[in-house]
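In the part that follows, the structures are each spelled out as structure tokens.
Both complexes below contain chain A, partnered by chain B and then by chain C.
Now for the complex of A and B:
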């Protein structure tokens, strides 16, 4: 039997999902179940003049119509700040704000009833740009003002370098948001039992967030709210905090009617109302010496949070400390503003603020390379963190080995070795370009979120030497079941097919925090290892008895317990478990993990925001058709500092998916707004890449710098996304010989950037 | 989600379908439904009664006399794969093979693509350049309408209430001896597949033995309220070789033929430049054989 670690054994959820037997929320129905719909505000901001719900109540099949006053507990959602009502009372702040909830016997009746309500709204002046929102006299979204918070880094700021740098580049980057485009829209099923307890089955990343939100709106103890994660058809951050709102709606209706209530969003409402990657404006002023060695970096960023705080402050925390990338910079000044507007709701999305600032710092590095007259790869090599100069943006010293340079080397080697595209024919209309981008990714939660950085697991060994594993972090397609299964199988010496990992249920494990920040495999795996460690205190003596050795000599591998150093002395684990069962020895154990405390000063932004870091480098090779503004990404070379590979298919899938998703953000995906209303709320007009747009991908997975995760693993979910769009940006600018500073690079943006240099521009004179 | 439709009528033959459409002014014919169902679901269109014309035998593709006749219910997939279409109207075959995704092509029909009257309808430019006519039937007879006269504006046609497109007829106009038929279609969008055209362009002409073009016809999609012919560009090219100076002159003249607007898919300026580039490139390809 091959060792599970680093293998390609079948992912446990693959067949059920591909074959269609996995049951998602939309496949679940219960007798008497009602369907929910939302009365949503069509415009914002506005004052609610009146809300007549009778037209909804008059629709046949409607069982309940609820307004703000009908919420039994607190009329409040919002994960961090109590600024967002479940149901609006008097003030609409964003398009899609909920005014009332409907439950009916069919989804059609529910949505028809919701549409029958015509709220009387008095429009108020809105604000739709995060920079303008901070100007004096701008309309305010909340009375507390539009500036939610500013995060800072000050390290030798204003030192000699800033005054005397011979080469200074400045730029303003306007970076668009992004829709998660998960295959399965938001949805959940709420099952009440009398009015004392409730079960929620939710498509979600963070069942414990949902548990808290439902307990709050129902006024129940946490213990009375059970949340089971349903199979979840994609999350990417879009099912981090938002499902709490969906579940709160369904739960309130379920308690009002006493019946199960299912709420499933239409794609249009999902696109309009749910969270998005933040649109950002990033301003740079960076200086270097004449060799291109960085002397100072000044970054000022504005995150468009939309009307509610949501997770924006947490996103900004990561954006703030990621602002200068994996470079050694003696003097650093970073300001990261979180700003309210009446635009879309900014929130969590794979990369969590880092992709935007990375896009900016990698654009600036290429600018500097051109200003100094050195190659973009060479200027990075001169500035990358190394074993000798390894002080991050926040002044954190990184332990050796530091793989930034190794990632750059491996990715550029893979790019150089690529022999050309089989799919793009040579054409006189195409110009080719190459771009490079690097990221320094802080693994797991930022210092500010460390109180959530914990994880619970339960392992139950069965008499037939199979194992049930209960975990607190979710599977949403990223491979958490596969990595958890691999870790448990490796630790127990079992074949992975003998380990069944079940999706989280808040009634079986302790609050394990959110499944975010590339922490799934890390947190889940370490909690499982802790549980196995505790189980072995009982298992090893039994095995030792059968083997005739000391308990400390027992090792588990290949489905047997054996004597370390003498593998011929072995006994099948099934026999060990049979013996434990016969002797009624406890075969269940819990496991727990929490991250180590560390120091970080919020006022200066100095310290250790993260425990460990992962580096990555992507090199994009593109073919640009400048006359039509079309970009074909032909090849992406990706080198990642992964610590240790747990499951090879899962990690490669993450990297491939991250690259394609980031390519969509960089080139295609536009959230077109008219005063906060999304003008393209469909996949007809919000375009994401198709399979035929995907580039060829080459990978190097570097296992030379162990992380703090199980067996040395580091997170991969976010670093796989973060550098790609920046590398593509640099490749396109390399091909065209111009700078383009707004994302996405849609064909009209590229053609516009060429201006009168477009060969047909004179035709329009 | 349910559609706001009260009844779907299933006539046994064309005559019954025409009676149903004539009797109820609110009745709308449906075949593949790939546009109609989306519009009904989004409440952009009101059609309480649907008349299913998908099973009336209107899907034949055949050469009849000196015309290629394509039934209104022929699917994009069958058109793209038809040997007769590929021989006589290759631009149409190309266009049909680029509508939406393949599952859409297996449902969407030619009659529906025309009746929906999108400015971006992919089959319209190659039918315009081919000089195609539609046959529209009504209970007491039928009439032929040039595709050129069919479109009135975005989403509207000149079909009378109750009239049903039953087929599309493409004349088999032979090219002069020694000449070569040129019939090309190209569409443009921000990704490689599954796009609604930002601009589309069809060119049909005879390339004479002396290297000049004759009977030049150009049509553009998604660059005006309806798909349009491009007479200014056509007259620039008539009697001239497709390469050389004529290319740029035609691209310039094309600007007079189109009237794009800024919309969610692209700004007008981009559409103008892109139309010029597409025409320039097609002419370049033609001149290089």
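Now for the complex of A and C:
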């Protein structure tokens, strides 16, 4: 039997997904189940003048229509900050805000009823740009003011370098948001069991967030709310905080009617109302010596939180740590303003603020390269964190080895070895370019969220030497089941097919925090290893008795317990378990993991926000048609510092998927907002990459710097995404010889940026 | 007054008859009336391909097809293609290549991929074009292509 670790054994969820037997929320129905719909505000901001719900109640098949006063517990959602009502009482702050909820016998009746409500809203002046929102006299989104908070970093700020740097580059970057576009829309099934307890089946990343949210709106103890995660059709952050709202809606209706209620979003409402990647304005003033060695960096960012705080403050924390990338900078000043507007509210999205600031710092590094006349790869080599100078943005000293330079070397080698593409037809105007981008990624949760950085697991050994594993972190496509299965199989010496990992259920494991921040494999795996350790305190003596050795000599591999160093002395694990069962020895154990405490000073933004860091470098090679402003990404080379590979297909899949999703953000995916209303809420108008857009991808997985995860693994979900769009930006600018400082690079943006350099500039004039 | 229309289908090889409202989508007939929930709804507007089924052998988005227009047709869904074990060569290749992540696009992708293989299309650019109606947000399509190649080779050999 090959070792499970680092292997390519089939993912445990693959067969049911290809066969169509994996059931998602929308596939689950119960007798008497009702369907829910939401009455949403069409414009914002506004004051609610009147809300007549009678037209909805009059629709045949409608069983309940509820408004704010009908919420039995607190009328509040909001993961961190209690600033968002489940149902609006008098003030609409963003398009899509909920005014009322409907439950009906068919989805059609529910939608008809919701559409029959015509709320009377008095429009109020709104604000839709985060910079304008801070100007005096700007309309106020919440009474507390539009500035939620400014997050700072001050490290030798204003030192000599800032005054005397011979080379200074300045830029303002305007970076657009992004829709998650998970293929399965938001959905939830709420099953009331009595007046005092409820089961929720949800498409979600964070069942414990959902549990808290439902308990709050129903006024129930947490123990009376059971949340099971259904197969979840993609998340990318979009099912981190938002499903709490979906579940709260379904739960309130289920309690009001005493019947199961299913709420499935239409794609249009999903696009219109759910959280997005934050749009950001990032201003840079960076200085260097004449060789391009950085002397100082000043970064001021405006993060468009939208109408509610959501997770914006936490996003800003990560953005600050990533603000100057993996570079050595002696003097750093960062200000990130989290600002309310009446736009859709920003939430978690793969990378969590890091992709935006990375896009900016990698653009600035290319500017700097041009300013001092050196190659973009060389300018990075001169400034990268290495063994000698390893202080991060927040003043954290990194232990060796630091693989930033190794990632740059490997990715540039892969790019140089690429032999070209046959996908783009030659054209006289076609121009090619290459761009590089690097990322410094803090693994797991930031210091500010470390109270959540824990995880629970249960391992139950079966008499036939198979194992049930219960975990607290979710599978949403990224491969958490596969990595959990691999870790358990490796630790128990079992074939992966003998290990069944079940999706999270809040009634079976303790609160394990959210499945975010690329922490799934890490947190789940370490909790599983802890459970296995505890099991072995009971198993090893039994095995030792059968083997005639000391308990400390027992090792598990290949489905047997054997004497370490003498594999010929072995008994099948099944026999050991038979013996344990016969002697009624406990074959279940819980496991627990928590991150190590760290130091961080909020006032200066200095300290050790993350335990470990991962590095990555992407090199993009593009062909640009300047006439049309069209970009074809031909090749992306990706080198990643992964610590240790747990499941090879899962990790490769994360990198390939991350690259293509980031390419969409960089080139295609434009949220067309008109006073906070999304004008393109469909996949016809909001374009995401198709099979025809996929570039060739080469990758190198570096295992030379172990992380803190199981067997040395580091997270990959987010680092796979973060550098790509920046590399593409730099490649396009390289091809065209201009700077473009707005994302995404849609054709009009490119044509516009070319100005007089456009091939037909004279004609267009 | 019952306006419902009788629709006879050969559904996954079995003769079946349904009574549907004139506006009922083939997708709803499959998921709700026939209980075949393997076929997914990602957009309901013909944009994502998650609802793809084979209608007389051709891949179509079942959210855009009126059930009533399918009388007499043969319909194959993901459940009918390779059974509960997912034994169609493309299904097996997707499992072996790691081409499945969240799985919500997968049933539709499986149907389109099966049709691409059936049609004998092997040029990568043509395969990509034919798959471009099936959105996948997770995989970046790379391992999906790998699976298509693998299934094609297995089929030949």
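The rule we apply is simple: the second predicted complex is superposed on the first by the 761 of 765 C-alpha atoms of A that agree within 3 Å, B and C clash if a C-alpha of one lies under 4 Å from a C-alpha of the other, contacts with A are read in each partner's own complex, and residues count from 1 in each chain.
Here is the rule we go by: a contact is a pair of C-beta atoms (placed from the backbone, for glycine too) under 8 Å apart; a residue touches a chain by one contact, two chains touch by 3 or more.
As the structure is a prediction and not an experimental result, all values here were calculated from the model.
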Which superposed partner A:506 touches (first chain B, second chain C, both, neither): neither
Partner contacting more residues of chain A (chain B vs chain C): C
Touched partner set for A:690, first chain B, second chain C, both or neither: both
First (chain B), second (chain C), both or neither touched by A:266: both
Touching partner for A:26 - first (chain B), second (chain C), both, neither: second
Partner chain(s) touched by A:18 [first = chain B, second = chain C, both, neither]: second
Partner chain in contact with A:429 - chain B first, chain C second, else both or neither: first
First, second, both or neither for A:301, with chain B first and chain C second: neither
Touching both chain B and chain C, residues of chain A: 266, 684, 689-690, 692
Contact set on chain A toward chain C in their complex: 8, 10-11, 13-24, 26-27, 180-185, 231-236, 266-267, 423, 476-479, 648-650, 652-653, 656-661, 682-684, 688-692, 694, 697
Chain C residues within the chain A interface of the complex: 31, 36-45, 47-48, 50, 77-79, 82-86, 91, 94-98, 100-107, 110, 125, 127-129, 131-145
Residue ranges of chain A in contact with chain B within the complex: 106-108, 111, 266, 268, 429, 627-630, 632, 667-668, 672, 679-680, 684-685, 687, 689-690, 692-693, 746-748, 751-752, 758, 760-761, 763-764
Chain B residues touching chain A - in the complex, by the definition given at the top: 1-2, 42, 188, 190-196, 198, 248, 251-252, 255, 264-267, 269-270, 272-274, 276-278, 280-281
